[in-house]
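Note that chain A is present in both complexes that follow, paired respectively with chain B and with chain C.
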Partner chain A sequence: MTAYLTRRVGQALAVVVGVMILTFILIHMEPGSAARSILGFRATAARVAIFNNTYGLNEPLYKQFGTYLDQLVHGNFGISYYYQQPVSSLIAQRLPKDIVLVGLSTVLALLIAIPLGIYQAVDRNRISDNLLTGATFTLYAMPTFFVALLLIGLLAVQTHVFPPVAPQNQTVGGMLADPRALVLPVVTLALVTLAGYSRYMRSSVIDTLAQDYLRVVRAKGLPERLVLSRHVLRNSILPVITVVGLSVPNIVGGAVITEDIFNYQGMGQLYYGAAVQHDFPILLGATFIVGIATVVGNLAADIAYGILDPRIRHAGG
Partner chain B sequence: MPAAEITRAAPDAAAPEAGEVAVRGSGRLILSSFARNWQARIGIGLVLLIVAFCFLGPVLYRTNQVTVNLNIHDLAPGGGHPLGTDDTGYDVLGRLMLGGQSSLELGFAVSVITTVVGTVYGAVAGLAGGIVDAIMMRVLDTFLAIPALVLLLVLVNIFSPNLIILIALISMLSWLSVARLVRGEVLSLRPRDFVLAARMMGSTRNRLLRRHLLPNAIGVIVVSATFTIADAILYLSTLSFLGLGLPPPHADWGTMLSNGLNDLFDGYWWLVYPPAVLLIITLIAFSLIGDAIRDSLDVRLQRRLPVRTCAWWRRTGRPWRGRKP
Partner chain C sequence: MLRRRIVRAAAAALAALALIATAAACSGSNSSSANTQKQGGTVSIAWNATPNFIFPFSPAANTDGYNLNLYWMLWPNLTFPGVGAQSIASPQESLWSSITWSNGDKTFTMVLKPWKWSDGQPITSRDFTFVYNLLKVGYTNWNEYQQGGFPTDVTSVSTPNEHTVVVNLNRSYNPAFYTDNLLTLIPLLPQHAWDKESASGPVGNFDETTAGAKAVFAFLQKEGGDLATFATNPLWKVVDGPYTLSQFQANGTYTYTANKYYSGPKVHMSKVVNLFYSTDTAELDSLRAGGTIGTGSLPLNDLQQAGLLKSEGYSVVPDPLAAFASIEPNLYNAKAGPVLSQLYVRQAFEDLIDRPELVSKVFSADADPGNGPIPLTFGSLVSPLEKAGGPYPYSPSKAVALLKAHGWNVVPNGVTTCTSPGTGPTDCGAGISAGEQLSFQLAYSSGTSTFDEEMAAIQSWDEQAGIKITLKSEPFNTLAGTVGVCTASSHPASTCGWQLVYFGYTPYNLFPTGLGNFNTGGFENLGGYSNPALDNLINATDYTASTSAFYQYEDYTAEQLPQLWIPDQDIVMVYKSDIGGFAPFNPFSGGINPEDWYYGS
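Our next item is the complex of A and B:
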């Protein structure tokens, strides 16, 4: 187990460093300069020069990267050009909001998708299954912005059931104090992710239902309800767990489109804004965090596998 | 818990008895089960209809899709314009056909590029093994660890968008999962008896790949290629929503839809629902086909691996296409 973990962490570090280098190269390839997008087009050459000097942007790229890594190792993410705030505090402010948004929507999607997948698998190839297949594919086929705007049109503009804007409170506690405003963004995200989960669940349950041990369990006289909830669910949920593990970076990276539409001030908005404004420290900091989350998510999925399925052990790597 | 004991007693992945002959036999089985599948029939029918609409439609129904005509903007359906006109005076029905062309072209092109590049990369990594494999996979992980949409945003800013550039950029994001999938498949096929036999008979790596490994992995590759078409079209529509899609006078369904949504609450329904319906139907059609192929493959799998198909699944992973942006 130790050897396995060491190897995984080593791989993870390599990936994170790779991500940083790639991001660094990419954002410096973007046309336009940070100074111009922050100071505006009418800024004088002298002010641009001062800006570049302040943030070390006139150094050669490899030196900038070295400086950045040095800061990073000391826990310093740099200061955002646009917000003029430390990137770490910006991320600390926004990350919990995305854990709320993406976390809640993932839970909601799973709560719907898992029973749906089981039901479809048990009833497979009957009319109800086919109808539900059609419905989930329709959800899958709808662009996120379309779902969001339809929901706003239906539930906010026409019937005034929910507000069309996410809670604007700066703290997570303040946001949770206004749960009605959270409904639409969370439901939007849940709807667009639900289809994937339920398809996985359906095929996984179909696979499980063909297993011999279920015959044993039924022969033992267990009621069908318990067969499903105890044996089928537990055995077929494994692939879904991988998929959830793979989507951990989304919690950190946020949901750009949903956040944009509902003006939800999470990481997605921060990220998107930074990409447009050449706000390098935010881009690099956020990418770093997402890279770490990706690696941690994969690792967590593997470990959850080992716990849920005793047949899989990573002994000795 | 009794469940754990019972499952532990179950043997892990059963040794497959399949040689090449059995696989070829199952090819026919897959085809016949695919042809009997309602999803496949509906999906293929819909795709044919939409392709005909987009590529034959403009021949029969000629409209001006190049010059702006503000005298006839936002006309309601009726008269000379069966689906009305949009805010710059383009005929919506004609524009749907034109937009469909670029959406479909993009989908197919991305799918082909992605499949070829991803298959080669994954197969090479899987077959090489060792340090080469490790390096190739870490490169892949690196790309996967950057959120797709952010990568796309930066890239679209670097290159000014046109259809070719967008195809290249969306392909750059989509080949990753195919590569991973093919590598997993190659890894799971490599220790099989028929591969060992081929090796012993002196097959070169190249021949091994072309004659033995890829034909056996073709199923998962085709499934992922189908879903890639749908995903690429969806990516394009998301980019269009952010204003980074194809610039006018080019059209695509995503741009039409997101432009139309600006006027959703003003009663211009013909600018919203026709592109939305076409987009959704197209994506459903490709998803149905992909799903049907996967089901047909399961027919083969259930025959080949009667005890634990889940083990195959764990090793290879189905094409997980990530969360929509």
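Our next item is the complex of A and C:
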């Protein structure tokens, strides 16, 4: 297991460094200058020069990258051109909000999708299965913005049950103190993701139900409820774990569309705004965090695999 | 989503807020129910960007226009622009009671009102000298500095008494230009509280030496960027505006509480909550849900929602802006520059723009006609020529004739080409070779449907004279990143590759000077237009007080077309119908004046 982990961590680090280099190059290949994008087209040459000098943009690219790496190893992501704040502060303000939003929605989606997938697999090809399949496919096919606007139209504008915007409090505690305002963004994200989870679950359970060992378990007289919860669930959940692991970057990358519609000031908004404004330090900082989250998510999924299925662990050395 | 003083960086977004035929028809002006002015109450305002600096003199590298929104309520500028829809300095809200000019308009004597700071200390002329001393050493790192303007045009400042300031300038000025333009950029600052070099240091007269002033300026700029302490730093608690900042969140939500010691007109709203909305969609959803927003603006793309907003208790009103809209030609683009430099070509372009049709069909009558550089909001400063429709009424036949008369083979719905190169009166002009086509790229900000319609209409009209326009829409920031100021001496391909560009509108201060926009080397003169005669006329308006001089400048500019005039759409304001004091809209302050608002009975 140690060798397996060591190898995986090494690969993960290489991926992160590769992502950083690639992102740095791509960002600086963008047409137009950051100075003009931030200062506006009426900026005088003198002001552009001050800006470039302030942020080291007049240095050769390799020097800028070197400076950036040097800052990074010292835990400094730089200063945002637009917000004029340390990028680490901006990320620290927003990341917990996304952990709340995407975390809650993922948990909600899993709580619905896993039992749903099992139920559909057990009841497969019957009317209930077909109806639920139709419903989940419908959700799967609906763009996030459409689900969000539908919910807002129905539950906020028409009936005034929930507010149309997310909590505006800056702290996670303050946000959680306004749970009504969290409902629509969380439900929106849960609805568009649960379809995928439930389909994975359904397929996996169907495969598991065809295994010989389940006949043995049933022949021993184990009640069906326990067969499903003890044997089928554990063996069927691996694909879902993979998908959840892959969704970890979403937690730190944010959900751009959902955040925009519900005025949820998370990482997605930060990243999108930075892309529009040529705010390189935020783009690099956020990409770095997402890169880390991606490899950590994958790593976590691999480890969970190993725990749940010892054969994988052993095969991996 | 609103801005107090609209800067061009938001033009694309804000220009999306005008045009509202149905809304105009179905909305009232101000609520007639708001006759009795209640004391107290909270109003919320929706904004679409966040301030990030609180010290009124933000650094040169910080161009967040929303900072002005934040600090204007705390430290208003010497001249408050506009009284309702009138283009005059507000006698109630300006910080001076009189300004007298003398010495051939090279000296002005300003008497400050006997107002007080929020800590009870009197506002004095020393506060003015404090500002002057700071800017004298720090103007190069001051975002709002205008080349040659305050403080570099000041030769000396004296303070004969506690409330009087005498300022000697290095040249004569048009008093209206100075009072209504430069003094709208300068607040008073509390010397008795801010004249210190560090947070723990004593307050002194440090600004009276160059080194001390530099240290104070640097200290205040450093503190001014610390978002976490905006609402708690003792420095920022001393204000002379109608409100104090009671809460600030880094996400852009901040709250004002009425300044009990405000010496100006009575403030009714006890609390003003500024809410940040990242998108129009989120703001509109809040409005539709009858949420907490007291006032915001309606994107033009969502005008059909006006009826629903009315049912939620809002008034929806289109309001004109103190701005002009134009398409800017790049006279130094390697390919298009020589062609666009020809006045007759620009005249042909203008002849092909049916401005009344744009106003009527695209903007549903809610737009300034764009007959020249001065919008109708400026009333008496609008010349008879502009009022009559400007020098270039729509005339495709005139455009065709102009081109033919200058050696072009006009091919309607095709591409017109030059057949007579040369510099004679019937030739195409300098730098234009035989076979050169009238074909241009017109770049504009994406995301606004009225922009799309307007540009498509212009593209279509130009085809009548064989002028081929290729439209290219890009996000505002992307466009801004590739469009720079191009001049004869500097027009690098990286920022001067554009040919025609339309960003939205260009705002004016209270005095609509051409300085910066149309003069040689002006910081807004993107295409490098240079005309010594126009420079002289601009100087005449800024340096001498004469209406006829202004009209002369205005008409000459309208005729010479340093930019192609097009209509400027109104902004559509949405506000709770029980808020009084909202109308008439003040286009010179951006219309967001919660100090004037109140709830009616």
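Just so we're on the same page, the second predicted complex is superposed on the first by the 312 of 317 C-alpha atoms of A that agree within 3 Å, B and C clash if a C-alpha of one lies under 4 Å from a C-alpha of the other, contacts with A are read in each partner's own complex, and residues count from 1 in each chain.
Going forward, a contact is a pair of C-beta atoms (placed from the backbone, for glycine too) under 8 Å apart; a residue touches a chain by one contact, two chains touch by 3 or more.
Given the structure is predicted, the values throughout are model-derived calculations rather than measurements.
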TODO: Return fit or clash for chain B versus chain C, each positioned on chain A through the superposition.
DONE: fit
Open item on the list: Comparing chain B against chain C, which has contacts with more of the residues in chain A?
Closed with: B
Task: Partner chain(s) touched by A:Arg36 [first = chain B, second = chain C, both, neither] - done: second
TODO: In the overlay, answer first, second, both or neither for which of chain B and chain C A:Gly245 touches.
DONE: neither
Open item on the list: Just to be sure I read the superposition right, which of the two partners does A:Gly117 touch: chain B = first, chain C = second, or both, or neither?
Closed with: neither
TODO: Once the structures are superposed on A, label A:Val157 by its partner contacts, choosing first (chain B), second (chain C), both or neither.
DONE: both
TODO: Using the superposed model, measure off the angle between the directions from the CA centre of chain A to chain B and to chain C, in steps of 10°.
DONE: 100
Task: Touched partner set for A:Tyr271, first chain B, second chain C, both or neither - done: first
- [ ] Answer with first, second, both or neither: which of chain B and chain C does A:Thr138 touch in the superposed model?
- [x] first
Open item on the list: Nearest approach of chain B to chain C by C-alpha atoms in the superposition, in Å, rounded to an integer.
Closed with: 5
Open item on the list: Does any part of chain A touch chain B in one structure and chain C in the other, and if so which residues?
Closed with: 30-31, 149, 157, 260, 276
Task: Complex contact set, residues of chain C against chain A - done: 7-9, 50, 52-53, 60-64, 141, 225, 227, 249-253, 275-279, 281-283, 285-286, 288-291, 308, 475, 477-485, 490, 494-495, 503, 523-524, 526
Task: Complex contact set, residues of chain A against chain C - done: 30-34, 36-45, 47, 50-51, 54, 82-85, 89, 93, 149, 152, 156-157, 160, 163-165, 168-170, 259-263, 265, 269, 273, 276-278
- [ ] Show which residues of chain B lie in contact with chain A when the two form their complex.
- [x] 3-4, 6-10, 12, 38-39, 134, 138-139, 141-147, 149-151, 153-155, 157-158, 230, 234, 237-238, 241-242, 254, 257-258, 261, 264-265, 276, 279-284, 287-288, 291, 294, 298, 302, 307-310, 313-314, 317-318, 320-325
Open item on the list: Give the list of chain A residues in touch with chain B in this complex.
Closed with: 11, 14-16, 18-19, 22-23, 26-27, 29-31, 130, 133-134, 137-138, 140-146, 149, 153, 157, 192-193, 196, 199-200, 203-204, 206-208, 210-213, 216-217, 230-231, 234-236, 238-239, 242-243, 246-247, 249-250, 253, 255-257, 260, 271-272, 275-276, 283, 287, 290-291, 294-295, 309-312
